[in-house]
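Following: one structure in structure tokens, then a few remarks.
The chains carry the letters A, B, C, D, E and F, assigned in the order they are written, with residues numbered from 1 in each.
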Amino acid sequence: MPVYKLFTEEEYQLFDAKVSPRMAGIATFMRLPHIHQPAELQRRGAQVAIVGIPFDDATTYRSGARFGPRAVREMSVMVRPYNAVQDVIPFETLGIADFGDVNVVPGYIEETYQRIEEAIAALLAIDVFPVVIGGDHSLSLPVLRAQARKYGKLGMIHFDAHTDMYDTYFGKRYTHGTPFLRAVEEGLLDPEGVIQIGLRGPLYSREDYDFPRKNGVKMIRAEEVFAWGVERVIAEIQERAQGRKCYVSLDIDSLDPAFAPGTGTPEVFGLTNRELISFVRSLRGLDIVGFDLVEISPPYDTANITALLGANLVFEFLCTLPDNPNVKREG
Amino acid sequence: MPVYKLFTEEEYQLFDAKVSPRMAGIATFMRLPHIHQPAELQRRGAQVAIVGIPFDDATTYRSGARFGPRAVREMSVMVRPYNAVQDVIPFETLGIADFGDVNVVPGYIEETYQRIEEAIAALLAIDVFPVVIGGDHSLSLPVLRAQARKYGKLGMIHFDAHTDMYDTYFGKRYTHGTPFLRAVEEGLLDPEGVIQIGLRGPLYSREDYDFPRKNGVKMIRAEEVFAWGVERVIAEIQERAQGRKCYVSLDIDSLDPAFAPGTGTPEVFGLTNRELISFVRSLRGLDIVGFDLVEISPPYDTANITALLGANLVFEFLCTLPDNPNVKREG
Amino acid sequence: MPVYKLFTEEEYQLFDAKVSPRMAGIATFMRLPHIHQPAELQRRGAQVAIVGIPFDDATTYRSGARFGPRAVREMSVMVRPYNAVQDVIPFETLGIADFGDVNVVPGYIEETYQRIEEAIAALLAIDVFPVVIGGDHSLSLPVLRAQARKYGKLGMIHFDAHTDMYDTYFGKRYTHGTPFLRAVEEGLLDPEGVIQIGLRGPLYSREDYDFPRKNGVKMIRAEEVFAWGVERVIAEIQERAQGRKCYVSLDIDSLDPAFAPGTGTPEVFGLTNRELISFVRSLRGLDIVGFDLVEISPPYDTANITALLGANLVFEFLCTLPDNPNVKREG
Amino acid sequence: MPVYKLFTEEEYQLFDAKVSPRMAGIATFMRLPHIHQPAELQRRGAQVAIVGIPFDDATTYRSGARFGPRAVREMSVMVRPYNAVQDVIPFETLGIADFGDVNVVPGYIEETYQRIEEAIAALLAIDVFPVVIGGDHSLSLPVLRAQARKYGKLGMIHFDAHTDMYDTYFGKRYTHGTPFLRAVEEGLLDPEGVIQIGLRGPLYSREDYDFPRKNGVKMIRAEEVFAWGVERVIAEIQERAQGRKCYVSLDIDSLDPAFAPGTGTPEVFGLTNRELISFVRSLRGLDIVGFDLVEISPPYDTANITALLGANLVFEFLCTLPDNPNVKREG
Amino acid sequence: MPVYKLFTEEEYQLFDAKVSPRMAGIATFMRLPHIHQPAELQRRGAQVAIVGIPFDDATTYRSGARFGPRAVREMSVMVRPYNAVQDVIPFETLGIADFGDVNVVPGYIEETYQRIEEAIAALLAIDVFPVVIGGDHSLSLPVLRAQARKYGKLGMIHFDAHTDMYDTYFGKRYTHGTPFLRAVEEGLLDPEGVIQIGLRGPLYSREDYDFPRKNGVKMIRAEEVFAWGVERVIAEIQERAQGRKCYVSLDIDSLDPAFAPGTGTPEVFGLTNRELISFVRSLRGLDIVGFDLVEISPPYDTANITALLGANLVFEFLCTLPDNPNVKREG
Amino acid sequence: MPVYKLFTEEEYQLFDAKVSPRMAGIATFMRLPHIHQPAELQRRGAQVAIVGIPFDDATTYRSGARFGPRAVREMSVMVRPYNAVQDVIPFETLGIADFGDVNVVPGYIEETYQRIEEAIAALLAIDVFPVVIGGDHSLSLPVLRAQARKYGKLGMIHFDAHTDMYDTYFGKRYTHGTPFLRAVEEGLLDPEGVIQIGLRGPLYSREDYDFPRKNGVKMIRAEEVFAWGVERVIAEIQERAQGRKCYVSLDIDSLDPAFAPGTGTPEVFGLTNRELISFVRSLRGLDIVGFDLVEISPPYDTANITALLGANLVFEFLCTLPDNPNVKREG
């Protein structure tokens, strides 16, 4: 008999890997119930939804992140429900569903932005907390548009090798290197509430960091992560997040290619998964309104280790949600 | 507005690749509606169900076919609904659902056989035609048990490099090399109604073909397929199938490794996909009661071409079903 | 001492694989001289240019064709200069250079179209014959715009699994499934001068072939290629091309996945390379104004066999050019 | 002239990589002499035998470990004989042979258990120390049965992401998740002498660790390994092993997927090879009776780095054996 | 009880895949007895020996064939002993052993040639028929030196995309493109007794075929194979071989890359495995003195299909040996 | 308008990844200008040249490093020009060109050595600083011959898992395991000025380290790197380099296989990229005369992460050159 919220008896049977082997069944995220209609999410009492965004046309080099949601779902069947470190089974106290994917428009960035913003807004309108799996990093912009419409100007905890605060590429304003400069311009993000962790790698010019620097973004380079250690970085995150609503954006290229080969613009000298997982666990208790995991590119993912890591990162984040003030409580 | 049977409006939107891109959504077979409960299949008027059997523990060499159903589903999103050669959109006239998978018991052949037999029997009991995706070839035995219980002794159209009519391996009676000798022993198959196409490769001994030969099985070696041509082979199939209820069992290793590298016991000198697809198309109009596609092993499937071919073979078979006398007609 | 046109002594040394091993040097196409400026092409007497177009954002499913030009160049180092079947060394009589690539705009189809059209027009303006390597099939449209501006309405010899004459995908008019309907609409192609070879696979609907059919396109399905044989298909090509200027567009997915796994929308039941190479050889002597090879997607190209085949197809086409009436003769 | 024990002159020539290149010859473990008959092992004075167990049917998710022994042997040709850190050439003082593999029964766990137990018992009976390469983790149970029959109840030093002390999966008692609960039940292991290192990852339920916890197993989670450092973990191992005969069981999934991608149930946040190799080196001088290395799954092993690491781990363990009290000394 | 020659009871058990699963044991060719000393081969009555030559330093482009012998052995475990087409179990009537490999000298062609010639001569001296697995094609020269020393000037049946009758590469006389010109020069081969099948692909110059042409070599291009059909090619082979002692040299690149991706200089438009296997089967009854299979390069061999095909080609050739007049009969 | 030295306007456009996407254009190193003639290098004011040496025939095990230069160039397109850690854009102050490759002689070590020595000497003669990308490690010997001819006996900073100071392999003096013993013998290197970092792994014998030890080479084993930390190792490097002209040789197998799988003789327990990149950055200000990066083997490089790392290592070294006293200053 299902002990978890939202599950029917049958759904629970299909979820439980000691009853239904992990290679069996349809690969939703962790084999959670698949509920695509907002009305149905509401009717069944969902509080959190996994949302895939299979779009990568804003990618400037190696594409493939369009298959990120499907690959993360496939590897997520290996994740078990009880998080012993956080001591949480998120499904016990929260109704968590797999929404499926947003219907993006391949080749058309701005139309896709509209679809994303609408889909996220529809979930926020019924107080379902969206946990997004991309897709390239450009998608954070329309997600932030929907979030800021509900919550106002946000802070952001941003794990990445790159600032993604460039102005243009090839003269174009919407690419996977520009979403957060746009978000600041549009008033969605308060740059003084933004912290970026894992920055590294060669840059285009000496001016690449000018925008975040001048606008008060807190930038922590990979070299600093290693020199300072995990605890100090966590303290920096918590200081920035203090007293603000924050969005979390996790670019898998924050990790070193040894840990995350399956991405479009890998950068050497990156974080280990020990470091990154520790950071994600530290988000518990913060005032977080949304989350995305982006830039997993399955065609380059040897032995699927990047997608497996991605599935674990999403799960670690889900385990912070029982304590999250922005997750709807039951009446 | 959905023009196809069984689909809700929303399910149809998710199915239509010109609306919802193929990388989007949960990967059921061809993104068909997922209906796992027999009662629900019945309620919604399903006549055909795709059934995955993710089991490969009866494999004697390279395993991995346990991931066959998931891989075929994933590549099936590339298949479009209208078959121009057969001039059929099977979903127009038939309610076809993805049942999901049978809950097999990894490591335990006989328990798994029970689960398979029960699941297939449950579908047959409500007159849903099962289209099975394996899994290793051992699973045909329990499927045949359920089929023969409903339909009596059957003929079989069997595409394979191997007869799978060995008596034992390592002294054991249930392996992926023995299902059809067992099926004859158990009275499920009438060997005089069995035709095997694509046989080839070195054998264990001069006696390997004795059982099928002595029992009247029609064996067509790959050498004969090439010498005779497609038309004559089709005539042989039709002659054998004449006046009988037949089961179709399609082992992907009937194909040459160039066309189907992703399988556990590949044999060189095999069929081309042109030949095999032509054979499957020729099944239209025969009195077929069930179908399985087995032995696709994703860990060995370079560029997923085997899974893609598998998805197409299933689709070609689905396109024969509007004319199939064993598919339940509506009242 | 260089015996070939356009080569300096040094360039010839780097080209000759019995002097400079094929793993050495910078990978231009066949290690031809790299000349990117139209003025310089003109000054050195180039008559033909290899032009890469690394763009794939109009792809509706698996991307990666943006790396097609680089991969084809890399494998082209294996191609030797004398074509014994055609009895031609094209470099003896023609100045052939590698132009490099068009500067596309990732994520922006229409801007990219402008860049492509301008680049091709600039080559045509100086009477350099462009041999294009893509990239996804959407790029044929701007190439045709430039060609038709010079030559007027064209016929087309088109090898493909798909007609690419759909009207829209996701409501958008520019995708890799729509270039040739657009080209007919825009008056660039005379549909009665178009022949399509290798069509196959399931379709979206019964109406998919309506546009080409009603407009007089000659469609030869893969089933017909196999039934008719190579000679009859060549006769059909020649009949269509008779008395017209034609463009050649070669989508690598015309081939079966066994021969060309590295593509975005592979279709089983495809051409063999024997068949396709024979067709390309048969183009010699026709009144052809341009050529493209598209849809090679290196991330899916196991053992690089697709890129190798692509390099050979381009070379076979180059070998037809000494007889081509649209290649500028020297004064 | 061979300086090593057990080698004939010819065998030594084939072993010495500065005489016979490493790509040459038949791939036994490190190209050691292959001696399959116990009587022959005894006659030639072997004291240690490498024993492959190519069985993986107790695997609950990704299989392939059946090819572990062959892959480890293949990569072991890269290992040279002198261990500079341990300052040992094990072949100088010990007769070490490659026994080949146990004849397992694919698909049949319990029959395979009998075969394994018999084979190991036969080696123990002639005082040959078995060094086992699997295969999935279920095989430790029959090895322990043979070991405990000879040595009585044992302690165990166990490197793993998982406790493998579950009671059942799918209602079955013998799987690769259950061997050590069975071993405790059967009185083969004294749980108070067991130490498990590297545990991590999500669990099925809050109760997953109850059995080891209640029975006094010492569990060291990966988080603790990182927090404590290598030295403290070694001290814990030595404390547990003090005054006991111990078995060593090394599941390759104790390592992080970046270091060991080739395994069936990888878990992120795992050990580095620096850490694990240090632990194995620390086993020198302990009272160890047997060893297994399990769960290397070659189909998922990119660039063979997991099998290479496995070969080194076995070699590091072999280098502890000259000091091992349970290795037979010569008269 | 072993029914096959040369096998001990134990060796037979390890050979029989219905007793010892194919993933078990040390991977000699087909798990045949490994006998490396000529004296021992003689003592045990071996008549045929599989000889690996893991050398590829004469390769002009992609290397890796040094791992050919190991890879073919590994995949050969899938080959069963009874050839139903040829109706032969070669092990019944012939003593066939795996000799292991020649100790080549990496990086040094001429020293390696000496080692190869000596090793083959040593086998020929005791009337053991050598069946060679390479390695790159340069190795045929020293094998021919040993063969011609015993048998005098030979004919040759040569399957290849290339003539391998170039004079020099980079000014060097010994490469994998030159062995047969050297062999003619050295009087080892009678060019009028040489037939080459499968030639194709672009050439360096118009003169590439001059040497074979002028010297009377029979050259059959791939285009001719396809036009003529298998039967006529076999007739040509038999005509050439009539009344001569012939050597057989089989370069895997005679096959199309779809069938044999794992090779260093693949050429498109190649033979199918149906064609090549038919040719090998046709060698039965000819007066053949030796055989090599070369140029399988495992690093490029997706899903190991090339090595599997290679193992089958060797086996098909072994099946011709019971009728071969140069295989020593027992007294 | 180009702000960098040596670039024409057009070359700069092709170099700038915000103008010309990284998948576009011919893959020279970082898309730098390609200048192959020494005279032209001189005329255009080049001070530094990237030199590929695509040779691997001195490899004793897995080959493939012959494709190292091409693969590093291909991945180098991902590297941006401004190094924020070193605060340098090397192209601003130095003229850096891609020379292309040395014309090596496949299969012939000593002839290749002559070609390499001549090519490097030609660059040194015009005061162009060579930055070499291999190829196997044997190539350092002829590079050192040219360097020592200009600069006299040198010190060396050598990152490697192996000393490469063996005397012979297979009785041969020139292999990729012997270059530095030869270099000491020939008086090119002063062993007391040599430091080797990252040594580890099993050895052939107790005597393997005798030569370096007795000759005063400073050897730092991987175990010491980990125990001492990065700073102390840097101090050791600087102490050794003090007051000497040094050569830098960087074997990618100094890294752990998790970070650099694409190499021929990987050794576990290796450096992380954090460590190695830190070491390379520390070379700034030292009196360095030349550099090589060797042993990247693309056929084994999963997801190209090794080549990407190699490109970054070369770039990090280029960033030390503005301060290098051996780089020619402008008049």
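By our rule, a residue touches a chain if its C-beta (ideal position, glycine included) is under 8 Å from a C-beta of that chain, and two chains touch if they have at least 3 such contacts.
A quick note: this is a predicted structure, and the numbers were derived from the prediction, not measured.
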Smallest number of contact steps required from chain D to reach chain F: 1
Those chains which touch chain F and also touch chain B: A, C, D, E
Chain pair equivalent in interface to D-F, over half of contacts matched, among A-D, A-B or D-E: A-D
Same vs different contact residues, chain D with chain E, by half of numbers used: same
Most distant chain from chain F, judged by the mean position of its C-alpha atoms: B
Chain A and chain C: spacing of chain centres that average the CA atoms, whole Å: 40
Touching two or more other chains - residue numbers and ranges from chain A: 19, 21, 23, 60, 66-67, 103, 105-106, 169-170, 258, 300, 302
Graph class of chain-chain contacts, one of line, ring, star, complete, other: other
Pairs of chains satisfying the touch condition: A-B, A-C, A-D, A-F, B-C, B-D, B-E, C-E, C-F, D-E, D-F, E-F
Chain C-touching residues of chain E, taken from the complex the two chains share: 60-61, 166, 168-170, 201-206, 208-209, 221, 223, 226, 256-258, 261-262, 265-266, 268-269, 300-302
Residues of chain F that touch chain A when the two form their complex: 16-19, 21-23, 78-85, 89, 258-259, 273-274, 277, 302-305, 308-309, 312, 315
Contact set on chain A toward chain B in their complex: 10, 13-14, 19-21, 23-28, 34, 36-37, 52, 54, 66-67, 69-70, 73-74, 98, 100-106
Touching residues (chain side chain E, partner chain F) in the complex: 56-60, 62-64, 66-67, 103, 105-109, 111, 169-172, 174-175, 299-300
